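Scrolling down, you'll hit the structures one after another.
After this come two complexes, each holding subunit A, first together with subunit B and then together with subunit C.
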Partner chain A sequence: MISMETSNLTKETLKKMFAEGKRFDGRNLLEFRDISIEIGVSNKAEGSTRVRLGKTDVIVGVKLAPGEPYPDSPDKGNLSVSCDLLPLASPRFEMGPPGFYAIELPRLVDRAIRGSSMIELEKLFIEEGKVWTVFIDIYPINDDGNLIDASTIGAIIALKNTMIPVLDEKGMIDYEKKPTKKLPLSKTYPFSFTFYKLGNSIIMDPTREEEEACDARITFGVSYWNNQYMVNSCQKTGELSFSKEEISKITNILSKKFDEMNEKLKKFL
Partner chain B sequence: MKKVKENKINEEITEQEISSEEYEHAKRKPVIPGEIIVSGEDYLPGDGTRREGNDIVANRFGLAEESGRVIKVIALTGAFIPRRGNVVLGRVTDITFHGWIIDIGSASQAFLPIEESPKFVSKAEMDQFIAIGDIVAAKIWGVKSKGIDLTLKGKGLGKLEGGFVFHTNPNRVPRIIGKEGSMINLIKENTSSNITVGQNGWIWIKADSVDNQIKARKAIEFVVEKVHIEGLTEKMEEWFRNYK
Partner chain C sequence: MAKEFKRKDGRKPTELRKIVAKVGVIPNADGSAMFAFGDTVAIAAVYGPRLLHPKHMEDPTKCILRVNYDLLPFSVHDRKKPGPSRRSQEISKVTEWALSPVVDLKSFPNTVIDVQIYIIQADAGTRTAGINAASMALAHAGIPMKNLVCSVAVGKLDKNLVVDLTKEEEDFEEGEGSTDFAIARIANTDEFTLLQFDGKVQPELINDLISLSDNACKEIYEAQKKALKEIIK
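Showing the complex of A and B:
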């Protein structure tokens, strides 16, 4: 991705190691790091999670506010995902206007959630010209690679724990009343899986060092609906291309990866 | 008068309950910024400490050490502060008309002038000698407010070929090297690898096999995590015996 950040030596070494199927931390090429989840880290947010994927650390918060619907969907709620890449998270993040990655990351999370129709946006209608807007905010605290997958996990678990705040007579939010209603969600939920390519090897869940050495990546948003696995979204970035065989190899293991992830996070979903 | 009495009680407890190994630890105790290390007019503040009234207070996070009357703190974290004579590893980020611009992980950029290369390099063929993204081992020749000047003239300096580079905390480099290189030589012997440690915390490893490369890196990461433990060389030997 950002191959300028890494040295030529390290890139060559990683290429050789991946060809032998080895990694510095002893994982397989397609193995995830340990995931730990903390729920309700923010008391001001309607729902929040902290996800730790190895040393990668992301906080996701969900905030609800009444707002105007979009003209093309007057009876549906809105979904807005945003992300701040804080300079404290990584030496490659700088202050200033959002860069390419800061725009791409929330878009990937947004499309995975929207494509799987996890949030039942029709039920977020309040009255004519007024609907709930769901804001999902992503804050990486430490970037050790694979922010995309960690953010999606954080977003869906935060949504699962989101309560709708109570509105008073004037239509303003009354934060003193305890919310009782949960956010209307369908039974399905997405996971995103990002595959990175270096040389002829394909790896998952890279550390930052590995991520910087890689040439290309492809992200799939996957969900399970009506007894079948669905690919909801897909995006490829990077200089190199994926061959037809590589894509079919990747899509064949998506269902297995979805089940694995589902098993790990079952108690939070 | 009261203080003397307290000290006496402390001494008694030390003799009774604390074993000799823990007593060793008392000589080098971990401190955080603002912590009072000792009080009394008898002591003098050294590196990483300051005097506040009657107390010697830590400025940095690290291990407090008493050598005679002077109290100093050996820092465990913090940025790399370049000093003249340091051997560092760096990555070439740009090539200019007069030399190479090198990132050595400090606040300011480092510059390697074309005249400081060990052999003659024509200005037209600079990228054939050292290209962007290459790693060089260089010596700091001067530190100015504008930047850092490097040189490649010296033994073991130059462009690194093969192997890989990773970064650790520069404050832990002395422990990685050990007393007169004891730790680094132990790791080299046990992994049959070639290791260069830059003072900026960048480490280059080249081993004959991928497995040895991974082993050498894990060994160094073990040292970096256990810096505050005494007798680390013996622990390292044990670690190598237990490795797989």
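Showing the complex of A and C:
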């Protein structure tokens, strides 16, 4: 039963309810579910976090490894964000090569983080031809919608708790030595906010059922940088257009949403 | 904002690079076109509506629009390895979404329209050039469409708003750096089918940036129409 796609009937019902500003779980259209954060999910990771957003549950781990820099940035560290949509987490995920969502999701998180200049990549230089690569691995454990925003939260909190491992004289990581240095981060960090469109209504933080009923979405990565709100990334997804008026309504509330989320999570940031 | 921001190639902030648009560049295809913004050159071919293989992918309610976008290996400085990358797969998908709202997919259930887009020479704005070429190729193939799609990159160099960025401008790093905002809209409407950027933009500037595409897209639309009319002569 659960593995069935959202029926047209549910979709029509949701469309009507959204038009009246109502949702099955009683939230208003732009309201997030309760968030809880756990830090240090794996003591083998350089940093890790578990985010629960309603029934959505995502684990994010950070690993660091010395490696070669990219040819176009020889004096900067690398950032690599990946996501695996395990069949463990949802009846709609299947084994096999990554589908589009598994490719898009980490790219959205990557852009929000990179655009905000949260990680000071220039401080991850080790020596000529050698830099740290920061691997962020995103693993949803239970998908009840809005994995994108939950994953970004997981990634930034995991980064905040990331320590740089100690290198021995051969330049290999010595995991026996306790790391003392934190990952160099600027004061800025991003949240992502994804707005889902069904009919003429726009909602945030959908459950899986709501998400599947929606026709399009747009994700914004938002940060606070140099005393001003900054949008660092934007991507529209899905077979429906957004009007100028809708974009303007959305961009008008981004700073408020940033403040709300920041208030909820500030003790972790 | 500075009165008149000087761009390296001498263009005005709202000036597009030279547009070249041509239809019917691939005789084998049901529809084809090329579209160039300055040194960025895209070609597109449309095949279909035709039978879809594998069969299980068929949709009995509508036709599937399937886009493949990629760079040719020699279109960029560092050779691009042939075959799909994560970047090209993502661009293929956003291009599908940029085009599908205007195509009458409901009229051709169980079939596929294949849109193949390749970049021959890249100087930023490849996805937008590709969308413009593909939109023309779809029209050239005689596929029922409610309108053309026009696409352009707008952007911000530090605090200066500009249209149609070159690669050099995209790599600009001073001040607030460079933001390249790819936009596609249904011609002559305020409906946006592609919105994609990363960089640093104040929320209140997003509307100004989007509005910069108003005139740019009009100009692109005229070029597309002109090219499409030329083949009827």
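Keep in mind that, in the parts below, the second predicted complex is superposed on the first by the 265 of 269 C-alpha atoms of A that agree within 3 Å, B and C clash if a C-alpha of one lies under 4 Å from a C-alpha of the other, contacts with A are read in each partner's own complex, and residues count from 1 in each chain.
Everything that follows uses one rule, which is that a residue touches a chain if its C-beta (ideal position, glycine included) is under 8 Å from a C-beta of that chain, and two chains touch if they have at least 3 such contacts.
The shown structure was predicted, so the numbers you read here are calculated from the model rather than taken from an experiment.
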Touching partner for A:Ser7 - first (subunit B), second (subunit C), both, neither: first
Subunit B versus subunit C as contact partner of A:Lys16, first or second or both or neither: first
Subunit B or subunit C, by number of subunit A residues touched: C
Touching partner for A:Asn28 - first (subunit B), second (subunit C), both, neither: neither
Partner chain(s) touched by A:Glu209 [first = subunit B, second = subunit C, both, neither]: first
Subunit B versus subunit C as contact partner of A:Ser73, first or second or both or neither: neither
First, second, both or neither for A:Ser186, with subunit B first and subunit C second: neither
Of subunit A, residues touching subunit B in the complex: 4, 6-10, 12-14, 16-17, 20, 22, 24, 26, 209
Parts of subunit C lying in touch with subunit A, wherever the complex brings them together: 78, 86, 89-90, 93-94, 97, 100-101, 181, 185-186, 190-204, 206-207, 210-211
In the complex with subunit C, residue positions of subunit A that touch it: 71, 100, 103-104, 107, 111, 114-115, 216, 218, 221-222, 225, 228-245, 247-248, 251-252, 254-255
Subunit A-facing residues of subunit B, complex: 91, 93, 131, 133-135, 160-166, 204, 210-211, 213-214, 217
